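Structure first, then comments.
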């Protein structure tokens, strides 16, 4: 897709300073701009790049006054950052919007219903009694098991597997090869050392505005539901075990694992590679730094935790600083011992 | 599926107390019961919920005597927990049992053989010279490479990829998007700083009653086999490298990684996010707590380990308690130094 | 595939000592050799196995002189290890070489182009304006999004998902269910506690000779490219976030995660389960041991790091040894205190 600078300025309600007929086809950071790209300058820390960038056009604040010569055409707007974000979103809509209709071969059970303005990619599989809302995109190789519900405006990317009976809300995004609703890890030890499988008969519920990363696993509940609440954002390769609840607007970075039945509060921020033990309660607005291990309930809202097993972050930092100094501490102790001999 | 309380009581060889004609269609925990669900009360710790639950029916021990009024119909049985487990299993069989036959389009090489009572989902791929036993379910988008063998009564869920020449035993379950038999990570460093790929020509053998979690990777051996022994249960997102052996009835929680050629004993319990270095021997019945890192052979059976690098658990806890007290320890040392000045 | 010992000796330019007509069909380690396998003896540490192995044939150095009786036919070559590696590679070529042509049903957009000598498996999906080079293998259930480019001699295994606009170089291997180009994890916090999605419009570039493991995720850049440079080798279940650069010939073991915008140098060796924070620079030839957490720039080339947060390895080991001794240190301190009372 190619646009003239004039077309873009019109869309952003901006004013052009320079060659209006220049064509741009891609977006770029100002320091990485090349011919045919459009960029923006919002933070004056990056002003230097305006004078060297090879971008064809740069969006700037109306109020901005250049101090040196520059080559790009400028688009003057009220707020360059906001305008550029608008541009990013429009660009993404254009790309995504091109996917429409049902590609063949695909497998759609006659007992399922599909809302309007849909995309179903080739080799997508939609099982029995599935209900799919309006404006939903289901990419190739996605598997939607029997009795699954998918709300409006959601996107299920290539290769996602959603097991029987799970529920996906409105405005959700599930990235490629994520697995929603596989059996929870439940095995009862027998007296002869073997394990008996405990049937996992619950499901997974993703509420509205939930985002799930690539290759992430959300296991179905033993009974009842594993729930990811409205607005929660989960990164790639995350493990969410059976009967877990992830609170509203909580953000979880890549490769974190949450063990069975733990309840994570609202607006928590959980770093990458964190481990959370089973059957815990984590208060709202808890912040957990990367690689921490949580082994106890967190009752106080807004606590910052680190370490494995994790404690309050400033406490952990104090211990850690002294851990690094252990050779000196041991040396000081030896000197004291020598004096006392 | 909907049943009357009378039908369920008949199946469980129980006696109904209340309305026999009530219909139930789902199982629930007693504290989460709603109209149309059936639950159970085995542990008297939960007795209070019997008097408030909205479940339509509750299974209880024959010997149980209610202390207050309650609304559900009761089913009296010899042992409520056992009866409910039976119900869970029957329910799961009903759901799973509905999948039969070969959906189209699917790809089944003419040189492969398929046992009786099978399910092959749409878009499943079965390569050349594959042998598949009786009562096997192969879900949509599963890939069974050339010369693979799958035993009787095994289930291969959607999107599982099994590379050429691997073997899956009887009564195995492989969850969605797991990868069995990808190349082991073998590269020989060259003098110019590049790496040469070492061909990985072995395979993976899953023995009987093995369970593999979603998005888990079991790499093929360089030569010979990576082996998961009978009854081992492996959770989601686990990495098992080339030439590893996982012992009989060993249980491995999510996101754990085992490096090349390590041999894990029987009946071990390995927590989540554990890392095990390469070429190690881990004794039978070893217990490794979550997030530990194992860097040495474990020779003594039944050892409990924690920490990274891990040591015997009680030893690690002693060190860890003092790590948390390092600020006090350093303060005490300073006081001693001051006295000696 | 079955060969006579004579055929193999001819291929390796070796001399047969024993029965030339014996047939072998598999490769094995000398300690695991069975009838019908061929093995090798290069390191004399393993000489004992020559006298007990059941392998039908063993490749040995010309200069080797057996000290006892042995049963296998020998193939004498200049260098047994090199000869065996050649054999491994030839064997792998034979297996891989059997895949040719386009299996049906597959989905190939008319606007895409496919080089000669290709394999496209059943249920593979190739979107619009895709360009695929010579000698490329695309296995079943692979998804190649619109505008993707794949160079010559690359292999895309079953279930790999490559999002729109990404680039795969020449001689690359991407293992099953890896996801290339899913959205980077970018969400802007709003004043009401919700998060707004930041569109991710860049792509992923895998340069030549790159290997990507099974179920690994490489996220697309927000703008610009996430780049995996020539010769880098990445294991299974690794997370590479948006705008990361992985340097030439760098090797990354399983389950490691690299946060957004970090730049990893050339010829680094990164162990398993390592976490690297965002926006860092890691110097060339850095070595990071398993489970370490990197929170700072590494400026000095060839540094060896361990711990979480990681420091120089020998420094970390010194602290760690004393951590293990903390109970003794505290005891010594108590004795000193008692003396001073």
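Order of writing sets the chain letters: A, B and C. Residues in each chain are counted from 1.
One rule holds in what follows: a residue touches a chain if its C-beta (ideal position, glycine included) is under 8 Å from a C-beta of that chain, and two chains touch if they have at least 3 such contacts.
Because the structure is predicted, anything quoted here is derived from the model rather than measured.
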- Quick one: do these chains touch in a line, a ring, a star, all-to-all (complete), or other? complete
- Query: How would you label the chain B and chain C contact, same or different, if same means the shared numbers make up over half of all numbers there?
  - Reply: different
- Note on the structure: Cα centroid separation, chain B vs chain C, in Å, comes to 26
- Query: So which stretches of chain A touch two or more other chains?
  - Reply: 105, 123, 141, 159, 177, 215, 237, 255, 273, 308, 323, 329, 333, 336, 340
- Task: Would you tell me which residues of chain B are touching chain A in their complex?
- Result: 27-29, 32, 85, 88-89, 91-92, 95, 103, 105, 121-123, 139-141, 157-159, 173, 175-177, 209, 211, 213-215, 231, 233, 235-237, 248-249, 251, 253-255, 266-267, 272-273, 290-291, 308, 320, 323-324, 326-327, 329-330, 333, 336-337, 340
- Touching residues (chain side chain A, partner chain B) in the complex: 105, 107, 123, 125, 141, 143, 145, 159, 161, 163-164, 177, 179, 182-183, 185, 187, 193-195, 197-199, 201, 215, 217, 219, 223-224, 237, 239, 241, 255, 257, 259, 273, 275, 277, 293, 308-309, 311, 315, 318-319, 322-323, 325, 329, 332-333, 336, 339-340
